[in-house]
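Each of the next two complexes has subunit A plus one more chain, namely subunit B in the first and subunit C in the second.
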Partner chain A sequence: MKKTLITAAVAGMVAAAPAFADLTFSALSYRTGPYAANGIPFADGYQDYFTLLNERDGGIGGEKINLVECETGYNTEKGVECYESTKGEGALVYQPLSTGITYQLIPKATADGIPVHSMGYGRTSAKNGEVFRNIFNYPANYWDGASVAVKYLLGENGGSLAGKKIALVYHNSAYGKEPIRTLEEAAKKHGFELSLLPVDHPGQEQKSQWLQIRRDRPDYVLMWGWGVMNQVAIQEAVNIRFNMENFIGIWWSGSENDVLPAGDGANGYKALTFHNVGDDFPVFDDIQKYVVDSGKAAGAGDQIGTALYNRGLYAAMLAAEAAKTAQGIHGVSAITPAQMRDGMEALEITEAKMASLGLPGFGPSFNVSCQNHGGDGMVAVAQWDASAKSWGLITGFEQSDQDILNPLIEEDSAAFAAENGITPGCN
Partner chain B sequence: MFYREAGDFKTSYQEDNQTFPIKFDRYRYYAVLFVAFAVIPFMINDYWVNAIFLPFLIYSIAAIGLNILVGYTGQVSLGTGGFMAVGAYAVYKLMTAFPEVSILIHVVLAGGITAIVGMLFGLPSLRIKGFYLAVATLAAQFFLVWLFNRVPWFYNYSASGQISAPERTVAGIPVTGANTEAWAPYLVCLVFVTLSALIARNLTRGAVGRRWMAIRDMDIAAEIIGVNPLTAKLTAFGVSSFFVGIAGALFFAVYLGAVEVGEAFGINKSFLVLFMIIIGGLGSIFGSFAGAAFLVLLPVFLKNVLVGTLGWPTDLAAHLEFMIVGGLIITFLIAEPHGLAQLWRVAKEKLRLWPFPY
Partner chain C sequence: MSDTLIFSMEVFLNGLMAGVLYALVALGFVLIYKASGIFNYAQGVMALFAALTLVGIMDGQVPFSHLINAALGTDIHHFGWHVPAFIGIILSMGVMVILAWIVQKVIFRHLVGQEPIILFMATIGLAYFMEGLGDIMWGSDIKKLDVGLPQGINIAIDEATYGIFGYGFFIDNLDIVATIIAALLVGVLVIFSQYTKQGRAMRAVADDHQAALSVGINLNFIWVMVWSVAGFVALVAGIMWGTKSGVQFSLSLIALKALPVLMLGGFTSIPGAIVGGLIIGVGEKMFEFLIGPMIGGATENWFAYVLALIFLVFRPQGLFGEKIIERV
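Up next is the complex of A and B:
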């Protein structure tokens, strides 16, 4: 039995022998499982942008793009399988959209010399490019998110949070635990009281957490949730009549899928974001023309313009721009993962560049350097309008509190360097 | 024609009692060992090791462990995921506390620690049986996962609560961490699998195993003929957890390299290993391998056929995968309720007579 299975597996694998295409991008997506509701729009946006480049511009720098999708189901074991199988096809960069898988890939991808771009997730201290040579997390990370949330609340309260109570409802995993350190530092600095309420995977059961919130009456609730946990949390908050104005989610808790089930009750819910919302950008006309109308849209094609679709699109845009930069630096069009890394490290996103791509004002402008793999940490706050069923930015892009974050990043990356015997440096 | 006993004469008790008494069977076993140790290490790459061989070998150890408890002793356990977590966290603490000691020793020690924890949670089995015991072990599963998430000492106070395996070497060759050659972790796991299977096979053939099976078949009758249920059940829990702990330690240190307890060792893992032994065959070492192969290799195989060869969308393929694997499980269990091991036994019986059945 064992032998026949192995033989059969061999046959299947041989038939699936990788075909080396010009520029291979991997999409470790999840369209199934408890996080699918959030995974699908991101994967669609990511795929559609590359389809657009292929259809409209003939790829990047004259090289066609070959996008290899692999289903991870947000599961680390499947993530490993996906990484190994797409690595064989020469993938240029990995964007796994899962903090757990990112943690797994950090040492592996570094050893293999392939860059990882964990945009707005993953290990925050990867911002220190001297230690994490192959890992990028521009334009913003969790600690930026936590810091800007606190900054926003400071603004709401006339510059002082002393004596206020803030509760953090978080996914009990590496992802959800990331902001705790920053919030604890901020609590010390600004004198608010922080309470921590973990929610276990997948997060369908949160009655006790929200009961505690009803009892403790915190002034504000922050949420680090993902997948079905978001919908449940927002519904529970509506059930205990928590004021939505005082409920702020991280960018992963701010998609249409999260607020729509709660209906009108979710009106006024706020979420952080590091890019713009809506489909009022010229690039969407091109997507309609080249991708949707020609029947090449990814998935069901019904996600265009949603918050997570835009994020997938943004991730693909940053990857494509980095590939262009890499082609410029090395003077070749068929770049390797190592050259892609150089391109990501030299990436410059300016307002003019975004406008030329049909995305004026879509995100902050930033420069990546060896010392800074994380951008400037510019984050805005968006608010949900339940009657119009749309998100709208209520603040501009603000920078996080670098005084708190830089020492923390320094400390955490130094610990990682010591653990793994890495000498920080730029060559 | 194959599996012929005629002409295969045994001249000593030792020969008569060996694990594979039929010559053809024995040579097949040697051939498998030879291929596994001397051929595969030269042929594999990262994909084969990380996507196929490591999960298969490690789940085989876990399945052997659980099979001792469920298949041989009849004590249903749903705590496998929790016990694997004990192995993983034990090896992590040992690796980081004593970096100069060999990782191989740490893995065995982690198995020992898990054995102690397993015996502790096995104590209720002296009073409760069947489904009630399953619920008690379920409590172990949830308690252990909660414990490793809750107490920062277990994950060395890291900010994310993740544990990640630092690089450790065996004879100067890295077997954990990122800079491993494909064959090194494979060989480490293979050695552990081979030894586990040998030990388990010989334990179940000996006095200890007979006591376990007596308890399984009827505990009161076993007690009357002089089997001490306390020692029989607790040794079963101990030995079973020892293997499960080794599997957990290898799963974390060699295979994944970084784990989150809730995600990697949740209740799903307990069910997965339980399904492996049910499909493979309860009370059979071969069944543990067959079940692990079935549940590890089939999804990968289906994914490669559906997405790689046929070019279907990944989500459709993932959903179909569930349906096909589920359908096959039902078909197998209807066709042969005693699992793949029984199918193999029947096939062997047929092959003894083939091509002239009577």
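Up next is the complex of A and C:
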């Protein structure tokens, strides 16, 4: 009897174990903790797109997708634990969704031969694929964001920012400090005065910074914020009656979560973005039909079309397209992480491809190569309409100032290569 | 008068106002520590939970809706009504009293006479439990909290100071309201703890649980009462901070702002929490204004702790804390 029970239990466990699919993707998400409000829509978008591919197309190239989700709580240590605990499942690519986790994974993933895609975050100089062989950050990075913000302001001021004052309010962390070098170079080139206003984590108290802005009266304020820092900054800007038209946040300061608490006062606030906004794209009809209506949505289905849901969906789409490219290159459907890396390095995103995916005009066209793991640095500006409670693009996707950025990327990646004994190259 | 001096005055006033907001959080810690000797790690999460509950009640949100929908296949999220702020606050207070009763019944009743570190560890567990409960009950999205408190620059002060100094001071209306509420709260709490039977019983319990029991004080009642009052203070703090930033899970981190206040003001003094808050608020703002630009800014978080540590060197029990003399 005892033997029968043990056999039945073992058989039950075997039956209950997940069947390993041929294409495994990881989702290092954060659905809990102080940043859950931002982590949930991204994770939902990421998961829903893969569910759509499974349900509508039968996976990628005939292979079903197995998404392995691991909760990081936006905590670097937990993120590394997630990586270590899931890499054995054959994840093709990691998207850490955290600059801190990305920095930790750069040496680990490189040693393990697993590619990392830090889309719009992480180490900017990873754009240099000759040094960062396994790290990708297309289609845009923080320096692209800073450069396009300046370019946009140039356009607003007839091509000259001479004599203008621009303040940068930033999260006092490696992430928040990313745009400083670019902005300093841009200040030299275009003759504007840059002032730096760091905000300590988590950013619930920013009175000092906004009193200074009120005293100094900068013409424009740029923000590199995250989490509660964004909501407080926008509310403080409203309080001191700063013109929202002149307030621009990076894409991590540009979700509905950031502006809704300030109500009508946030109207006109602008944010940079490397993908489109809203749900007016054919792919969302498919998501409704194959994912939401069939009860397979990752969340409650109420995040569709939000800025962060769209970003998660876009990240999943880029991963899927890289996997397709890898399948084409290697002539196999069940690809390995190394083959996935090749696919990412040969990725070509064209408007025709985006349209065929149900995402016309959703993101910029770009190519990835060994030398360029970061795409072409195309960034647009979106603006918040408080009455409609929606974002809308007010520019097309503009390329960043490559004259400023390329030497900076070269310098930073060369320093990394020297520190780590890497010989840059493509072979 | 020089511009720096005028700006300093504005920063000083804003520091006082910020200090009041810190003190509101610190008050909750003091109340529970005073009554039970427990350093309540969950105080920040209580503020979050109270604010989440208030918004949920006001918006007519169905608690546990995601859980209910997942289990029953339904699609309900809202009751379809909107509750006025005043009633919402009363109902939220009711929830905090029920929570206090549960905390006492389930956790602390079983820990009478235990070492302070064990009580502290229990509050760490409570904090994680409440954070998860708040998430499951009300969801983790950022919620706008509007109980009708004014926000933005106070025009009267702006115009008056402009007339005197040629520069209008920025004082946030919300900070002024917070100051008035904090003053009322402290007055009531001091009177309660010093001049009422329950207040004196509360202090007796703080001195020695077993001795208080031996003279007939109902320990369970006192603890439920204290946790309820701390819940009310958490609700007030949650409203103030939640109005500034929206109600979101990082609200629990406001506890970090209370720690230097407690170190400075003392863990057992209600006026100490206020004075400590004001000193920390003014100190960190003035340091950021005068010294911050020379050393790269973002000094406020660490300077608050440095300031508290400097005070501790001279008064280990804090400015208003009770001096502990232990003879061997």
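Criterion: the second predicted complex is superposed on the first by the 407 of 427 C-alpha atoms of A that agree within 3 Å, B and C clash if a C-alpha of one lies under 4 Å from a C-alpha of the other, contacts with A are read in each partner's own complex, and residues count from 1 in each chain.
FYI, a contact is a pair of C-beta atoms (placed from the backbone, for glycine too) under 8 Å apart; a residue touches a chain by one contact, two chains touch by 3 or more.
Here the structure is a predicted model, which is why all the values come from computation and not from measurement.
A.B. asks: For A:Met378, select first, second, both or neither according to whether it touches subunit B, subunit C, the two together, or no partner.
C.D. replies: In the superposition, A:Met378 contacts neither subunit B nor subunit C.
A.B. asks: Between subunit B and subunit C, which one contacts more residues of subunit A in the superposed model?
C.D. replies: B
A.B. asks: So, does A:Arg123 touch the first partner subunit B, the second partner subunit C, both, or neither?
C.D. replies: first
A.B. asks: Give one of first, second, both or neither to describe whether A:Asp200 is in contact with subunit B, with subunit C, with both, or with none.
C.D. replies: A:Asp200 sits against subunit B and subunit C alike.
A.B. asks: Name the contact category of A:Gly227: first (subunit B only), second (subunit C only), both, or neither.
C.D. replies: second
A.B. asks: Applying the touch criterion given at the start, work out whether A:Gln235 contacts subunit B, subunit C, both or neither, answering first, second, both or neither.
C.D. replies: Touch partner of A:Gln235: subunit C, not subunit B.
A.B. asks: By the touch definition at the top of the document, which applies to A:Pro107: first (subunit B), second (subunit C), both, or neither?
C.D. replies: first
A.B. asks: Quick one: classify A:Val80 as touching subunit B (first), subunit C (second), both or neither.
C.D. replies: first
A.B. asks: Quick one: is A:Cys70 in contact with subunit B, with subunit C, with both, or with neither? Answer first, second, both or neither.
C.D. replies: The answer is first: A:Cys70 touches subunit B but not subunit C.
A.B. asks: Quick check for you: in the superposed arrangement, does A:Asn172 touch first (subunit B), second (subunit C), both or neither?
C.D. replies: In the superposed model, A:Asn172 contacts both subunit B and subunit C.
A.B. asks: In the superposed arrangement, what residues of subunit A touch both subunit B and subunit C?
C.D. replies: Shared contact residues on subunit A: 31-32, 36, 40, 172, 198, 200-201.
A.B. asks: Going by the contact rule at the top, pick out the subunit C residues touching subunit A in the complex.
C.D. replies: For this pair, the touching residues of subunit C are 7, 10-11, 14, 17-18, 21, 66, 69, 132, 135, 140-146, 151-153, 170, 172, 241, 244-246, 248-254, 257, 285, 288-289, 292, 296-298, 300-302.
A.B. asks: Considering only the defined contacts, which subunit A positions touch subunit C in the complex?
C.D. replies: Of all residues in subunit A, those touching subunit C are 31-37, 40, 172, 196-202, 204-205, 207-208, 211-212, 214-215, 227-228, 231-232, 235, 238-241, 257, 260-261, 263, 300.
A.B. asks: Can you list the residues on subunit A that touch subunit B in the complex?
C.D. replies: 1-3, 5-6, 8-9, 12-13, 15-16, 29, 31-32, 36, 40, 69-71, 73, 75-77, 80-81, 84-85, 87-88, 99-100, 103-104, 107-108, 110-111, 123, 172-174, 177-178, 180-181, 198, 200-201, 299, 412, 419-421
A.B. asks: Quick one: which bits of subunit B touch subunit A in the complex? Just the residue numbers, please.
C.D. replies: Of all residues in subunit B, those touching subunit A are 32, 45-47, 50-52, 55, 149, 159-162, 164, 166-167, 177-179, 255-260, 262-264, 266, 289-290, 293-294, 297-298, 300-301, 303-305, 307-309, 313-315, 317-319, 340, 343-344.
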